[in-house]
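In what follows, chain A forms one complex with chain B and a second complex with chain C.
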Partner chain A sequence: MNLWEYVVDRWDKLSLQAWLHTSEVVQATLLATLLGVGIGIAVYRSPAGSAIATALASAVLTIPSFALLGLLIPVLGLGVAPSMTVLVLYGLLPIVRNTIVGLSGVNPAIVDAARGIGMSRISVLTRIELALAWPAILAGMRVATQMLMGIAVVVAYAKGPGLGSEVFAGLTRAGSANATNQALAGTIGVVILALVLDGIYLLINRLTTPRGIRD
Partner chain B sequence: MTDVTESQESVQPGGAAESTTTGAEITLTNVTKRYPGSKNPAVDDVTMTIPAGKIVILVGPSGCGKTTTMRMINRLIEPTSGTIRIDGEDTQSLNPDKLRRKIGYAIQQAGLFPHFTVAQNIGVVPGLLGWDKKKIADRVDELLDLVGLDVDTFRNRYPRQLSGGQQQRVGVARALAADPPVLLMDEPFGAVDPITRGNLQDELLRLQDELHKTIVFVTHDFDEAVKLGDKIAVLGNSSKILQYDTPEAILANPADDTVAGFVGAGASLKQLTLLRVRDVELRQEAVTVSVDESPAAVREKLANSRHLYALVLDRRNRPSRWVHARDLPRATSLATAGKPLRDMVSTQSTLQDALEAMLAEGGAVPVTGPQGQYAGTIHLETVIDTIQTLREERNDDGAAQEEQ
Partner chain C sequence: MTTTLGFSTESSSRRAERVRLLAQPAIVLVLVAAVLIWAFSQDLDATDRETLNGPSLLTMLYEHMLITVLVSALVVVIAVPLGVLLTRPGWRRLAPIFIGFANIGQAAPALGVVVLFFLLTGAEGGLWVVVLPLAFYSLLPVLRNTMVGLQEVDPALIDAGRGIGMSSGAVLARIEMPLAVPLILAGLRTSLVLAVGTATFAAFVDAGGFGVLIDTGYKLNRPPLLITGAVLAVALALMVDWLGSVAEQYLGPKGLR
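Presenting the complex of A and B:
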């Protein structure tokens, strides 16, 4: 059985895994965005706070994902909980960093004008600052998603959902029938999904960036 | 240049505007701003009254606290002590956001929101005040029209598609959107080229002539202050008021050496921009002849008057040429004899324009009245005497005040 025949034969299972993989990554990205933008808003006014938040988020990235997972399993058990935790933690860095860069890149004169004509703090933040930082935040989300597509494969080790289980199954059965096909199908599937999501990001960027600040 | 003088002319005599004042009086009482950790206060015990419906310019060197003083009026900076009242109401008694919605705010480089269209930028404050969409749209169109931007061309543009001058106009329109009685302007024309700046200044004076807002205008450019201000406050360190008076008074009689230094060289020339030809005496001694008279008749007139030149007026009594006695024997008609006028001024012109014309004409310059008819001539000695007299009057005033 070649790879193509394998994929056609196992399409039901593979497509379900692909869907779970995507769903997991997208949910993790959204959660990381909520957290990351929140952290960014909390610290961007203070240079020290920004430096600390960025350093912490970077520190998470230096922990090998496999090791982090190993540390989390005793606490959170197997399944979705540890997988999601790892993905969200890894997704934080690009989003936190880009949120800080985006917010501190807003021209202070524009913020001053917004305050000066009577916008409340919340309005200034949501209607002006976050709106202007949005392209940067979205770029951070895009990087996070790409990264998480790969990491989601690793977290399948903790019995998380997704194409990672195909890859792991293939690798552990190395030498037996269809083992290579299984690992390859999982890997190529992840690459294709990553490309598709990237395309969707381009579309979102196009649709959500106001014409006045589009490049 | 003509519209400059006209718009300025219509604003300066404040008395007539009083009846239609829509601005509010602003009073600062012992206002101080002290930043923690700095020895000297940024603003030290400032007390001043900004009259309703007037343009008051805060002018001073960089870092003197003029912007801080202005920003305390809309509480972008909270005063450490002292009170600021607008129309008698203590600004501290209001929610700062609500307060600011009633105070127009325009800054350098306009500070337009780049992701909003021109219409959205102008409509922000009415939106905050909860106006309905239709009313906001109408107001936006009205304001674009008011600041001289074509409604259909500009309504849906984004700020980056506008020139610096157009952005400033939108900035002013945004500041005026909710028809606030008070306008704060922080070097609004500082970042545009000199020609555009001149045009924007003229526009502001024209707007003010219609709207009669109380405008607090911060600049470091004394010429701008002279041009725009009904009153100028010259500020020193910690926003100390060195002199607070009309431009005429400051130019004629600077309070001290610092103010004099700030007024700069050419105070007398600047004064000439504030005076009009109609304010000075015109002479009627020039020999005037109608274009239809015969050259021979003019020769006779000139011989009788012992003048060498005659001023030829056209059929509608407008000055058209100078003719010299020696041109007349050869002349067939006064329409072609002599030289055409190089320059003349109207009674609306500033004395600076008149001086310029005198230099070009090489002597006395004919002056025309409102319909262009001949009104007399203006002479260099008249200008010199006027400046002299003004200076003496101001000095007398100053001395009298000091004695009291």
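Presenting the complex of A and C:
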């Protein structure tokens, strides 16, 4: 059976896993965005806070994903809980850093002007600062998603959902007929999904960047 | 995906670097000491002791480091000359092809690439089965930073070099490369971190490293092995990253620090 026949033959299973993989990564990115933007808002006015948050988040990125997963298995067991925790933690860095960079890059004169016409602190944040920082935040989300696509393969080790289970199945069945096809289908599937999601990000960027600050 | 993995010059990032430069070695020491004390004070049975003992930990450390060093050496030997070549006139138009190829290499899941290479080479396993795919996977940061570093050299400096009679080779060696070194080192640090992290996958293809402890601990349901392996892998990664940041700070040309 060549790869094409294999994919056609197992399409039901493969498409379900591809869907689970995508949904897992997208959900983790959204959660990481909520957390990351929250952290960014909390610290961006304090240089020390920004430095510590960036240092912590980039130290997390240094940790091998397989090791972090290993540490979480005794605590959280198998399945969705450790998988999502790993993915959200790795997604945080690019988003926290870009939120801080984006928010601190907002021209103070614009913020002053907004306060001057009577906008409250909250509406300055949501309608001026976050709007101007949005392209940077979105760029962080895009980097996070690309990274998580690969890490989501590793978390299949802890029985997480997604295409990683194809890769691990190929590994354990090394030598049998479809082992290579399985690993190929899993790996190529992840590359294709990553490219598709990247395209969607370009589209979202085009559609949601405020007109005044488009290139 | 890695544009932001490269190290930006934002002030908060620079301050974050300084925090890590001081805190990281201390954290590594505490982590290693704590996990070793904890692990050896556990009630270990004979099976545990077979994997979890001083000599075998040292062997795993050696294997893990060997993979990391070989991957990084391969990356430097391939990516730096390739980056130089792709910024020379005449070769420049090939650059998008190679960058595109390296981009796909990195979009591919590292674990998938390792497993595939393992299966395609006859499922034998061994050191090179993990080193070669990981070198391919970690190539992009150094390749891209070499090219960007060389492209960003002020053309006036190159003109000046040529004007005082330097050959194009001398301009490359004495002007362009020294100016590109800081960016190349930043790329190398990213590649080092990728290499030391993905070297944990060596366990799946019989090439050793701390991944073996994690895998054995998980499969035999022995948390002491699992946790020791994971913490040691984390500590080693933090240590390698720290060495990378020290290299970044002190190996660049003096005038550019």
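A few remarks follow.
We take it that the second predicted complex is superposed on the first by the 215 of 215 C-alpha atoms of A that agree within 3 Å, B and C clash if a C-alpha of one lies under 4 Å from a C-alpha of the other, contacts with A are read in each partner's own complex, and residues count from 1 in each chain.
Keep this in mind: a contact is a pair of C-beta atoms (placed from the backbone, for glycine too) under 8 Å apart; a residue touches a chain by one contact, two chains touch by 3 or more.
All of these numbers come straight from a predicted model, not from anything done at the bench.
Once the two complexes are overlaid on the shared chain, A:I128 sits against chain B while remaining clear of chain C. When the two structures are aligned on the shared chain, A:L71 is found in touch with chain C, with no touch to chain B. A simple residue count on chain A separates chain B from chain C, and the partner touching more is C.
Contacts of A:A113 after superposition: chain B is touched, whereas chain C is not reached.
Applying the stated contact rule after C-alpha superposition, one finds that A:W19 touches neither chain B nor chain C.
Once the two complexes are laid over each other on the shared chain, residue contacts for A:A59 go to chain C alone; chain B is not touched. In the superposition on chain A, A:G212 makes contact with chain B only, not with chain C. Looking at the complex, you find that chain A touches chain C at residues 47-48, 50-52, 54-55, 58-59, 61-68, 70-71, 73-74, 94, 97-98, 100-101, 104, 139-140, 142-143, 146-147, 149-154, 157, 164, 167-168, 170-171, 174-175, 179-180, 183-184, 186-187, 190-191, 194-195.
The touching residues of chain B, counted against chain A in their complex, run 74, 76, 97-105, 107-117, 124-125, 128, 158-160, 171, 174-175, 184. Taken in their complex, chain A has these residues touching chain B: 107, 109-110, 112-120, 123, 128, 131-132, 210-213.
Residues 1-5, 8, 10-13, 15-20, 23-24, 104, 107-113, 115-116, 118-120, 123, 193, 196-201, 204, 210-211, 214, 217-218, 223, 226-227, 229-231, 233-234, 237-238, 241 of chain C are the ones that touch chain A when the two sit in their complex.
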